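If you scroll down you'll find the structure; I have some questions about it.
Just so it is clear, A, B and C label the chains in written order, and each chain counts residues from 1 on its own.
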Amino acid sequence: MSISTAELGAKTALGPKREGPLVGLARMLGPDHRLGYLFILPTVVLVLALVAYPFCYAIYLSLTRKYVGVPPVFVGFDNYVKLTFDGFFQRAVVNSFIFTFGSVAVKLVLGMVMALVLTSGIRFRSFWTGVLLIPWVAPTVVSALNFLWIFDYSLGVLNYMLVKVFHLLPQGVGWLSEPGTAMASVIGVNIWRGFPFFGISFLAGLRAIPAEMYEAAAVDGAGPLLRFRHVTLPGIRNILIIVMLLSTIWTFNDFQIVYILTKGGPGGATQVLPVFTYEIAFGAQRLGEAIAVALYMLPALAAVIIVLARYMRQGRSR
Amino acid sequence: MDSRLKDLAEKLDTGLIARREFLRKAAVVTGGTAAGLQALSKMAGAQSQTKLRVWLFKSFVTAGNDVLEKQIQNWAKDRKVTAEIDWATFGDREQKFVAAIEAGNPPDIAEMQILGPMRYKAALRDVSKVAGDIASARGGMLPFADKAMKLDGKFYGVPRYSMTTVFYIRKDIMEAKGLKPPTVYDPGVVEFARKTQDVSKGLYGFGQTLNRSDDGNGFMQNILWNYGGGAWDKDGKPALATTFRDQNLKALQFAVDTITKQKIQPPGVMGWTDVSNNEAFMAGNLVTTNNGASLYYAMVAKKHELASKTLLVLTPGGPAGSFVGSSCYNWGIFQKSKYADLCEDMIRYMEDEERFAEYMKVSVGQAGPVYKKRTENPYWKSDPNFNAIMQNIIRSVPTGYPGPVTPAAVEVYAQNTLTDMAGRVVTAGLSPEAALKEAHARVEEIYKARRS
Amino acid sequence: MNKGLVGRLQIVGSYGFLVTLLIIVVFPFYWMTVTSFKGEEQMRSLVSMFWPSPVVTDNYRHLLGKTEFVAWFGNSVFVAVSSTFLATAIGTIGAYALARLKFLGRAFMSSAVLITYLVPPAILFIPLYAQIRTLGLADSLGGLIVAYPSFTIPFVTWLLMGYFESIPIELEEAAMIDGATRFGAFRRVILPLAAPGVLAAGLYAFTQSWNEFLYALVFITDVKLRTLPVGLSSFITGDVYGWGYLMAGAVLTTLPVIAAYIYLQKYMVEGLTAGSVKG
């Protein structure tokens, strides 16, 4: 954000000119450094103490061989090297990608349609918005258990409806027992839980686009599709990027839904990285390797975040 | 002594009132006389409350949980200490152990499942003496418990009770067809299932998942043993696709066939979790299934109509015999505890035969014996179904059989290696040979990791 | 194509979409509620799937009378409200600093604010628990109140950063020319204007705290200090699920948050709206 000239003038016009090392330091730290650092201090302290420090310790542990209750033994990048050639790890990575991108893609479209519909001329908008938020708001543990019951082959209500009520299928589907449907089912539950976040963010973004822009485009003869591409999309560009980024990270790290529904089965078909990490940490008690699994994808994701954040900040300061 | 004073003293001891309040109220009672004050100071000199942290499993046997809590609190009152009990379900417990041990504040004493001593050995005390004392006063440990709990010749857990799986049969259906309980899987269970099921009514002959679950892992382990195979040889070396390759292949083929070929299992069985077969059986959809005694408990406790129609028998076998694993719940004392003696005292108290019997009698067969004397308790004859439970426990073998119990064996089991192997055949279309080889590589990898 | 027809098709399509989505969204909660009123026997059979027959209140009575559900509820409220207050307060001033104030390191910090989400909580909790213990907060609700902001503050900060940036800077300048300090301008001019954003951020933080499971499981051992998600999961013992109590507890756990959101959702939208104005 740029400094307004009035502000700059106000600050330099008043106040006597004094040179000296302290003033130089103050200038380097920025004109608002006192209030700025004060305001940002609690955040920094909390993040350093409760995120950065444990995180650094976790990084260190990933470079060790560590069993529970036993002091760590430094092994360098051994864990990471072993993982790279481990077929089970590779499969977990593939599953994680399928899970994440499958889910985020659908959530994106669903959220976008939801936002577009809610900004068109429909009534009771508040009601719809409120109700459609519900899945995001309920505890994941509860929702996952609920779906476990719903997906049950013999006693679950989904098969009951498909077979006995609507007669769409002769027999129930093994939602959590066939590898294809198991992955689809866990993705489905993740979509169910997560799409409201996309919807409401896009809704907010759409409302911020001035109506005049649409009118101008319409006057220029642009149809709805062109208007979407040239007015809507650029208008929500930043929020689109942020929401996709956050959701990708959160979906990638999602543990509870998969674990409660399938524990990673059948036969490892839905084994995603968080479940894999969990098993190594608490099933095998090999903490060093478990952390290495969890941190393996981190550099790639971090690079993406930094690049995108910079891209967006540039966009903002224009 | 004035009973009011005694009341107050008790309240002070159990921390219900603060010291100051005690002194105040007591002074009123004694009228502040010198003698009274003397007595007061004697009582107020009560020990500063030692607090013992006790971690227990919240079992589905709610009556058992209540008995456990009551007994521990009684003991605590007796010893004038406070017992702070943490209840965690089976699924949540391990995370708490790991976090607490790593943070340096494990509990003083904890109830652990069979894999506990192996996993947390580094943080546990050697309790061989207590275990030895208790065992010798009860006719010795049953062989399976001894094998399962002795690590490098020492005990890091004092065995308490055992849970195992049994084979459930719908007695009414069996008798209606004039059949007898099968004793081997192939062809026994297969034919039994075919003759008794009625798919048109949604009744299936056999319900056994090969999905990642305790049910699945237990079954796979048992079936490999039944065919003379297993993941480990008698020296504790990986044997899945090497020493016991042929046996394991046959076992794997059989297991997989029950789902894909024999048509005796309900569709969707590969998606089952541990609770699914319980529910299917109780809903009347299964003729047979393997499960822990928990299913029987659930039916009896809820007065389910099928409870009286259920027969529990020994787990069927294979060409090499009939094998079954069991779990051995035990007490562990953590090295960091400052009250090891107190903990040992609590263990002795809880394992006292009368108290244990009280616990066992409300458990509907869940609290299987680990000591020889306990097998003689008439309770086990009170329900004919209990016999199968007890027999299965007595003859059970630990993970790693025919080799010793090793961290690697524990990990291979806990990491769903066997169920994944089966799953890869049923759902991913791998050939049994390929799946076996893949699983063996995993076993090797874990074996190597654990040796260094 | 006839514009009127297109318009009408669009409306029909929109409502159709919304209703379908509504059914998909609401059905699991309907199912949860119905199950909570079913008796044991009915749950195991396929009789009258969609309605309890008979309607049974045992599950609720057991839940409220024989378990510590009420205590769990109280704990969850205490922790969620406190940690929300903490996270929102810290996040608001942090966001203001990053959005408006100029100081060294600002650019880096505002880019880095979301990076904390990269760290999977499923692993972080082990060293974090050790940390909490060192601070003497283990086995206390205070530990949760301090730990929860660690994963809510980044989002709160990012949300409010955008919100602050959307407020015209002229307002603060005017206040300061009138003699107010930077802080005064913040307090009297900016903060009231940012109320929807702060509310949205608070709602988000509250929801995350209310639903959090892992830290609450590990940091707390005292049964009386449990929060709702942990308490509910204790109904799953081995392979015997207390579905009835579980669903009853689930209904009671979800209702307050749903009620809050339905009532306050327009602030949520407003709060997020300004955050996206700048692009």
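In this text, a contact is a pair of C-beta atoms (placed from the backbone, for glycine too) under 8 Å apart; a residue touches a chain by one contact, two chains touch by 3 or more.
Remember, predicted model here, so these are calculated numbers, not experimental data.
Enquirer: Compute the centre of every chain as the mean of its C-alpha atoms, then state which one is farthest from the centre of chain A.
Expert: B
Enquirer: When I count C-beta pairs in contact, which pair ends up with more: B-C or A-C?
Expert: A-C
Enquirer: Centroid from C-alpha atoms only, then distance chain A to chain B, rounded to Å. What do you get?
Expert: 39
Enquirer: Any idea how many Å lie between the Cα centroids of chain B and chain C?
Expert: The separation of the two C-alpha centroids amounts to 37 Å.
Enquirer: Taking the mean of the C-alpha atoms as each chain's centre, how many Å separate chain A from chain C?
Expert: Here chain A and chain C have centroids separated by 15 Å.
Enquirer: Would you mind listing the residues of chain C that make contact with two or more other chains?
Expert: 44, 126-127, 130, 233, 236 - these are the residues of chain C that touch more than one other chain.
Enquirer: What residues in chain A touch two or more of the other chains?
Expert: Chain A, residues with two or more chain partners: 155, 281, 287.
Enquirer: Which residue numbers or ranges of chain B touch two or more of the other chains?
Expert: In chain B, the residues touching two or more other chains are 95, 98, 102, 273, 279, 283.
Enquirer: Sort out for me which residues of chain B touch chain C in the complex.
Expert: Against chain C, chain B makes touches at 53, 55, 58-60, 84-92, 95-96, 98-100, 102-105, 107, 214-215, 273-275, 278-279, 282-283, 291-292, 294-295, 297-298, 302.
Enquirer: So in the complex, the part of chain C that touches chain B is made up of which residues?
Expert: Residues 40, 44-45, 125-127, 129-130, 132-133, 138, 214, 217-218, 221-223, 230, 233-234, 236-241.
Enquirer: Considering only the defined contacts, which chain A positions touch chain B in the complex?
Expert: 65, 67-70, 86-88, 148, 151-155, 171-179, 182, 262-269, 279-287, 289
Enquirer: Along chain B, where are the residues that touch chain A in the complex?
Expert: Answer in residue numbers: 94-95, 97-98, 101-102, 119-123, 202, 210-213, 266-273, 276, 279-280, 283, 285, 411, 414-416, 419-420, 422-428, 438, 441-442, 445-446, 449, 452.
Enquirer: In the complex formed with chain C, which residues of chain A make contact?
Expert: 1, 3-4, 6-7, 10, 28-33, 35-37, 39-40, 42-44, 46-47, 49-51, 53-55, 57-58, 61, 110, 113-114, 117, 120-122, 126, 128-143, 145-147, 149-150, 155, 157, 160, 164, 192, 200-201, 203-205, 207-208, 236-239, 242, 245-246, 249-250, 253, 255-256, 274, 277-278, 281, 287, 290-291, 294-295, 298, 301-302, 305-306, 309-310, 312-313, 315-316
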